[in-house]
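Take a look at this one; I'll ask things after.
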Amino acid sequence: MAASIRLTDNRYGKSRVRLVKVERHATRNDIKDLSVDIQLTGDFEASYTTGDNRLVIPTDTMKNTVYALARKAPIGEIEEFALRIAEHFLQRHAHVAGARIDISENLWRRIERDGRTHADSFQLWGPERRTAAVHRDRERTAIEAGIADLVVLKTKNSAFEGFLRDEYTTLRETNDRLFGTAVKAEWSYNATSLKFGDLWNGTRETLLEIFASHDSRGVQHTLSAMGEAVLERFPAVSEIHLSMPNRHCLLVDLSPFQLDNPNEVFVPTDEPHGLIEATLTRSGS
Amino acid sequence: MAASIRLTDNRYGKSRVRLVKVERHATRNDIKDLSVDIQLTGDFEASYTTGDNRLVIPTDTMKNTVYALARKAPIGEIEEFALRIAEHFLQRHAHVAGARIDISENLWRRIERDGRTHADSFQLWGPERRTAAVHRDRERTAIEAGIADLVVLKTKNSAFEGFLRDEYTTLRETNDRLFGTAVKAEWSYNATSLKFGDLWNGTRETLLEIFASHDSRGVQHTLSAMGEAVLERFPAVSEIHLSMPNRHCLLVDLSPFQLDNPNEVFVPTDEPHGLIEATLTRSGS
Amino acid sequence: MAASIRLTDNRYGKSRVRLVKVERHATRNDIKDLSVDIQLTGDFEASYTTGDNRLVIPTDTMKNTVYALARKAPIGEIEEFALRIAEHFLQRHAHVAGARIDISENLWRRIERDGRTHADSFQLWGPERRTAAVHRDRERTAIEAGIADLVVLKTKNSAFEGFLRDEYTTLRETNDRLFGTAVKAEWSYNATSLKFGDLWNGTRETLLEIFASHDSRGVQHTLSAMGEAVLERFPAVSEIHLSMPNRHCLLVDLSPFQLDNPNEVFVPTDEPHGLIEATLTRSGS
Amino acid sequence: MAASIRLTDNRYGKSRVRLVKVERHATRNDIKDLSVDIQLTGDFEASYTTGDNRLVIPTDTMKNTVYALARKAPIGEIEEFALRIAEHFLQRHAHVAGARIDISENLWRRIERDGRTHADSFQLWGPERRTAAVHRDRERTAIEAGIADLVVLKTKNSAFEGFLRDEYTTLRETNDRLFGTAVKAEWSYNATSLKFGDLWNGTRETLLEIFASHDSRGVQHTLSAMGEAVLERFPAVSEIHLSMPNRHCLLVDLSPFQLDNPNEVFVPTDEPHGLIEATLTRSGS
């Protein structure tokens, strides 16, 4: 490489390692359905600059490692499995400086019949997914949990008024609009050994509850209330990032047809969409 | 157009007319979230052959019609709304010979909190969708209902043995495999005035119940049992078509790592997939 | 199965068998990048009704067969490869009544440098794909070729005027609109041994040429002219089906900002879209 | 908001503002087909914490602004249009601290006929897209250009040997493998007034040329060579980030069928894939 050019950052890994694990019990089976992404940093520069692969752990080996680790112990919560994968690479290979493991879990529920759940047949609960991310290096471990594609819609208690108007503003004020979004939330824990399942369920319920009950003056307002409630209820959460697209539902103008439209008939649109993001942090974190 | 060439078939319409309707009540709101496709046949040949558009109902008008009809009366079940749309075009325009209306409904449930459902906030229940198709011409009306993307997984009571072997067969027999699929079912009704909601729920439950409980010797075997049960339980259903991709879960070979794999660790794959389809009909239909 | 219920139709197979074949020559490599779908009909009823798999050719075997046939001879044109696959199943297994083989080919071109093409490196040419479908049973063979996702846009010589107006019509007439579409064309050949590559290239060029040069009075008008030209130029084509979504480009109303918009600034939309389809047939076919 | 909780970061805007602009000339039309994302930072905290929207520029206004600016002057290169949009928000609204504008351009070429290009009809050139990102605040302006989904495949001069082996390694060494990827490149310019079109074309050609001609010892090796060549040839580029998924083509084992496979028949797979990323920087930047 020319002297004037430096490799300033590099990482590599395997993405979308798909895994279904069935944990078989006497009277029921449990399943986990995961997609795992691995990214390593470390002493890999020679593979870039001279094609010297001696320190390159093939991404195919990473894939095999996921399957072997899945067999050697129960998966547990995805935060725990991500921790185990990250630890493996750091312990096994001294030249690995850091590992980032992202896991996305597809959620299945048991098929129900007359109020009883089936022991070994499942239905996909979607589009919602549970996510986790572990960043681990030689000094610290950061754990994030998350939820993606939590698609929700409010038909009441949602306004958007009193906003700034300039020469390009045509939007009307409204004190009663539809508010649809696909919540993406990612939050950081302040410890590495926690009841991750309970915390995830609690956070998810909090997000849904506040979204449903909030008297919204705008997406920003509700997003903030959702994040604040999570931080207030769960001391183990030190920070939360929320990203909420505004999936606009536009009121249809039916006046050309001599019809009114008292906030009833809407066109949902995906494109364009508003996109509102914020991070809320516990003071002292 | 050259004398030797004929326009033998033509149809046109509007696809993906998106509609959310909120039906507002004293103590709660209901919503419908639909995507409507319209296709008309009739006396449209001149628009193709000479560009004479005098009989062309613009697809933009079709879109407007959906919104106006959505305002004029409750949506009801999607089969009923599809019937109303089809009837409109046939009654309003004498040169329309036939209308096909396809509706796909996104399914939302109320957000729950402590066992109570929220009055006006919803969560998308997916990827499963409810579908309906109405074909109507001057002589008859055919109504189909359906379900799409009902993603299910059996972890027990699923075998695939005793199949034909030829020189290209490497698959092993198994009496215990994972069986994952995304059921697509479409069924025909023998009447146009039925309790479409109850029938849809009953059919959906039947499909899930048989999938979960069937002692499967193959996808074909379970598909057939599912269709048969629907026809047996619902006399209003005259025919059912089922399409079930086999979303293979491949057992991972862990032997290179000195690990066994007692039917626990699998790679789910989307590509390639088996695809099994069949139609079951009530005799005399 | 209950006596009153019959299995009236069934088929099964493997979808999305992905294949890249490199054909290595002294001074250059050629590639084919295909996705193959196989569907068989025949004496498979027992697998549905009783779970008797003795006549079931596993879909995994179908996949293996594609790879073995790809190795045994050059792929040739995709119509030829589809024919070979179909023939294999009919000749090898007496209980197979019919085979339908669909192939979709990703199109790659050689990377160019200073007007010279590279001998063994390629760039994907997309979204356009070449398609072929062979239906073969014990009596006849039907061959279709096609093109999918040929995305084109006309900015001149496109009108839509003189259409029917009813109480739901708000669309304005225009003699100068954008006309964007993703052409899907499928055509039938009247013989099984043809220069499929030349015919495909010629048909593709004809579709593009007529789309570009046609003085369009509507999507129907241009679609028909495109199909007619193909039938006129290529006697081996007996029928052509065209499906053209109208990917509307809506003129933006800039008048609230004291700006005119002389047919310059548009919002392209995917949802909803018009959908226009027709089949043109050579008389006597 | 509780005293112990702080809003530490926030941004909002409009995504996927779709725009087609036709620039009409005497003998030809030109088109631009863009998707624009806008994200603003500034004094928006009150909209989050108390629902006070007085400083909120509605995302609908952002959309209108894009269309108005598109009308007021030629689009030019997308870097220039992004600069104009960013400047508008900073100049017009004193409480806006920063604007990030991302533009993705769909690439169309003129339809050709007998070597002549058509004056006003176009075909989409895909999946490749041109991208640009402008970050502008009160102190500085950063301009990035990029390319996305440049899908390429090498069938020669690609090895992967001499890599690290551990207990989970099963991959075989190879000195002749297929190397397929979808290049994503983003590079920074060291000035805000440049010949962006020429630079983009030159960078794109350099990426293709080095990919095609490089004697690759691994994805890392080729990625680095591609980035280095761009920095060497274009002094205006201060840094380049490359992200290259390894879209594996797996050699099919045909030995069960008594067939060899001399590097000819492959299964391309999307899932899982390797993912290699690096940034190369000019020293002193």
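The first chain written gets the first letter, and so on, giving A, B, C and D; residue counts start at 1 in each chain.
Keep this in mind: a residue touches a chain if its C-beta (ideal position, glycine included) is under 8 Å from a C-beta of that chain, and two chains touch if they have at least 3 such contacts.
Computed from a predicted model, the values in this text were never measured in an experiment.
The angle needed to superpose chain A on chain B by their Cα atoms is 180 degrees, rounded to the nearest 5.
In summary, the pair chain A and chain C forms a contact in which both copies contribute largely the same residue numbers, shared numbers making up over half of all those used.
Ranking B-D and C-D by contacting C-beta pairs places C-D first. With centres taken as mean Cα positions, chain D sits 29 Å from chain C. Taking each chain's centre as the average of its CA atoms, chain B and chain D sit 37 Å apart. Shared contact sites, meaning residues of chain C that touch two or more other chains, fall at 18, 64, 68, 168, 170, 256-257, 269-271.
Against chain A, the residues of chain C that register as touching in their complex are 167-168, 170, 256-257, 269-271. Residues of chain B that touch chain A in their complex: 18-24, 29, 31, 33, 64, 67-68, 70-72, 108, 111, 113, 118-124, 126-127, 150-157, 178, 205, 208-209, 211-213, 249, 252, 254, 256-257, 259, 261-269.
Residues of chain D that touch chain A in their complex: 1-18, 37, 39, 44, 47-61, 63-65, 68, 92-93, 160-166, 168-171, 216-221, 223-224, 228, 231-232, 239, 241, 245-246, 270-284.
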